[in-house]
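See the structures that follow.
Paired with chain B in one complex and with chain C in the other, chain A is shared by the two complexes that follow.
Now for the complex of A and B:
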């Protein structure tokens, strides 16, 4: 067992070890500043902050793994959340599958724009997110909507073994995504496309179809995250998830899923989400304003993007 | 030998610039729909004002888009520059406005170096930078939009019906077009956009010219924002509005610069900005809901990218 912890082993697994190390340092650092963090109340708050984030980040991880980018995750999340809160009274629980259907459809639209209409993914998703924001604003009229349905709220806020149920949702989704990424042909195809698009095409993968599926998955998970987030919050307006895009991206990349594609995976994203939400809670604890938080997250995002980029393999970066 | 066929020149022009048809069509359509309101001097002046805003924001980035990258930092330069002017006016007096070109130059150079050396995809890099600048803007201004007085002479009326900002923008537009069409720098940027590997093999110092492209983009944005600062009311918002980021992009793409680079350029952006201004103004007169307008702009962005990306084969699009 001595050989396992050799220098070579550490070098080979640097992608996992670095985030782990950073996570430990951050957790211990904030613990030193404020010892209430690792107590029960602090943990529940962290779990609430982390769970919906993890679900959305898993979807984005698949997209980044494939070498593309999905800018529309926060907007789709917002639309699904607003949809639920506004139509739960009229449609009953049918609002949930309907919201999922809409968000999956938006993901499909992103995928079709990229795969069949040759639109670069960040631009396609930017356009779709503008459209989605427009729809959300039109539906909600900019008002704050309150969720009165207690059964719907119980989806996320029932306590099982001392932790809210949204935690188990997130863990289940995370485990499922990890399984799909590592142990199924779907996952292998996604890695292959991210690794080398031309090689993937030549080896017989239907690249177009796979891209559409992955974007649909991302949309679906964004929608699910939005629904559970709404159940957790119990109400919301257009401001839900509006500052999310940079932290979300940072958490995926900080976990070790590089923007160059073909590496990382949802199992890594868990660490990234822990790091980012811990930093976020720490900054809230230090009473830093939203503006300073944005500055710090922006710098973190650029930093991790530079640090994780696989410069040997890629030749051209746009 | 390929037999060349002589094509009637105006027809050729229309095939190469399909947006010209759209522009003419929109003008005819709106003139017929609102005969009393569309072709009035007030409306045309408003269109020209919006055209100036779009062009001054989009001139620099359109040079970067020619190389196939993307520069989203223009709104950040405008916002942070505006607050720095407010901070520095008590110290420097009217010279404080020089902050804009300096900030633009610095930002462009920084982005170029990080993008070219660190191999980070430019859209995510500039997006993060935009968020950082927004955070700094909000932090420095204390959360309020600060108005600076004393620069009214920049937009003081010179010629009736024509906004002075338009006159100011003419030399900038001329310089940008001259640079892209008539100089070696422009030629190299087009070469990098159409095939980066090929440009490298042909002996063009690609990294250096990419840094130059971003620096030029920052500089043109910086110079443009001197005029825009006063044109848009002598103050900057402290909230990042996605609208401000997306509209110049729509102008670039609508003009016919494909996002993969290699063709188009600032001269096309003029056409795109004009078409977008006419489109937006016409819709504005139709008294639609603002949300619907936003939705239509998103759809316009997607449609124009799809049209711009037609006939792309053998280009890897992520």
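Now for the complex of A and C:
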């Protein structure tokens, strides 16, 4: 298939093109205001900002593709990070699988609550996230914990071809998630449940099991993201990334994964993450106040929903 | 005698083109006289709906003229203008707002005329609502909620509302109402259809009807004249009172080719003696009681009965959508348990195919993906469980060819297909899957004759390959064509077993 660059072609692929366009505008815009934005130092900052975020967003994308919500991603991320920083001295590298196990287990719990106890994922994950937050506060006693293990920190901060290793982790996981979503039965089933639950059941899909798997995946990736983020930062408390939820959802939706489920995918989340995290970093570089940042972010979240909505196909909005 | 009158509504040489390519209507002319029911029939996509939407002002025609009572008038620009001129439509579905009371629903959109000093004049509305319902012999309480009424009564209230709309909008001017009924019987059972038609026949004195349908026996029974549309052109016009027209004639005019559904040769005896499904005293309280039967390999068993007879519930129980309270369900010699979800039943070899596209299809997905979702095992690579897109594509192409699915290609998204083609995709995925037992619930509901033919052909072919079916349908002809044996159900119990030919007599007689 040869894609001819015509108006028709652009209209057909608007869902992919507009995030690309927005990303370009943002990059050029910040570049115009702040010339260090695209210099090497700026670029490393941007890569650091987006990498851990992309890993967590990939997991969340699967959940949203399935038509569910996962509000527990930020808190699971934080808890995994905290586990690492607190136990890396005692357990050595065993702290990593331990943290992953805990975060996967929390995802599993979300899945079971939704699939077998019929708690709406909105409520279930919100509840779990608060519980996790509380456990995190108890464990950390609210203090900032600093990590001195340089080998662990090297996981995220070794520079390869001029970019930190966390970037390659993120890209690898992104590629893997894209492959799983588009080319495997696991991905198909996930899209099917989000697209039409009744039809998915009648097509012989084990909806309950798939839901649990997808939430477990989301938990696992949230945990992995937290561990790498911790390695990148070198320390943390339960306060890191406290307002991650909205940016996470916004970046998934900005990429083109509709909240109603059944559409989009991890491949599209990359652009969404670039847009959202780079706006965030850009605003930081410009030293904008928190108040303005919040206003801009709220507007972006709503604007993203308006722009990505496929009005031709969606009849009822509730 | 009527021929000499002036028609109350006439359109001449109406044409409508969409996107400069598809000619939806091509020089179509129809006339409606006072007090008659005119049928407009045709396959899906023949242009029926387009014509009706032009009449009520949803679309503007490219060419053509409209005459009301012999005088040329411009086409209405919106439904309100159409109502002012006497034309109103009752749509096939989604016409009723369930949580309104009957009188509120009747006057919906006309409240302005009932404004009193203290809000709406509810008592006056109720009084007038009673009057109009009496006039049309609709028996119901104006204060009950719409959802409380039986479906047939709901339809009647909708029709009364259409007439009322014309009267209120025309404000005393003498206009003869022309009510368009767009497939009004689609959700109704046989008995309810009868009742609805009795009522419509009684309303003939006060208004004319345009009856859009593709159910041929209905059209033959209740309509005075019938126009046949095919591919946007008017291909036939019969006066049923004068011309000797058979169902076969009408069928041929609609489809433009010979009918398979009306010849019984296509059905061959394929039943083997191997029992593949045994149902013993199956009971679900409140739905059905003590249902027992055996299904052999290659057999098609029908469950026949009015709505509420429990036939659909029995089918859904076997599919795993509903559980059961008592009895035994033995599939291929293994006992199946209550509460097993559909995917377990599918592993046991039981597939469920419904005529509701919303239960079968992923509308955002391509045809290819919709077919492969129940055939993932075939699509996956041998050594590495990854979807092979080439295989997926060729499977879909095979199915599309076999069922003559009209679409730009295997990657066309399903929401863009017509109803008939959607249904062909649903059946096609099960054709490819070939389960041992396929449960069919209204497999051809709401689709046109041509698409039905193609689906029947494929089902009969599957039957010959040794697949067993259980059919639940609203159309007695479907049982006659597909089934070897039919269980007649009533009130949740099996009354008797008849052969398909006997059923044909029962249903016709």
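Everything that follows uses one rule, which is that the second predicted complex is superposed on the first by the 304 of 318 C-alpha atoms of A that agree within 3 Å, B and C clash if a C-alpha of one lies under 4 Å from a C-alpha of the other, contacts with A are read in each partner's own complex, and residues count from 1 in each chain.
Here, a residue touches a chain if its C-beta (ideal position, glycine included) is under 8 Å from a C-beta of that chain, and two chains touch if they have at least 3 such contacts.
All values reported here derive from a predicted model rather than from experimental measurement.
In the superposition on chain A, contact of A:160 is made with neither chain B nor chain C. In the superposed three-chain model, the partner touching more residues of chain A is B, compared with the other of chain B and chain C. Once chain A of one complex is fitted onto chain A of the other, the partner contacts of A:138 are limited to chain B, with no touch recorded for chain C. In the superposition on chain A, A:183 makes contact with chain C only, while chain B stays out of contact range. Of the two partner chains placed around the shared chain by superposition, chain C is the only one that A:195 touches, whereas chain B remains out of contact.
By the touch criterion defined above, A:32 lies against neither chain B nor chain C after alignment on the C-alpha atoms of chain A. In the superposition on chain A, contact of A:305 is made with chain B only, not with chain C. Judged by the touch definition given at the top, the superposed model places A:287 against neither chain B nor chain C. In the superposition on chain A, contact of A:128 is made with chain B only, not with chain C. With the contact threshold set out at the top, residues 198 of chain A are in contact with chain B in one structure and with chain C in the other. Remark: chain C residues 319, 321, 341-343, 346-347, 351-352, 354, 358-365, 369, 372-374, 376, 380, 385-387, 415, 429 touch chain A in the complex. The touching residues of chain B, when paired with chain A in their complex, are 68-70, 114-115, 118-125, 127-132, 134-139, 143, 196-197, 242, 246, 249, 253, 259-261, 289, 291-299, 301-302, 305-306, 309-310, 312, 315-318. Taken together, the chain A residues at the contact with chain B in this complex read 67-69, 113-114, 117-124, 126-131, 133-135, 137-138, 197-198, 246, 249, 259, 261, 289-299, 301-302, 305-306, 309, 311, 314-318. Listed in rising order, the residues of chain A touching chain C in the complex are 183-185, 188, 191-192, 195-196, 198-199, 201-208, 262-263, 313.
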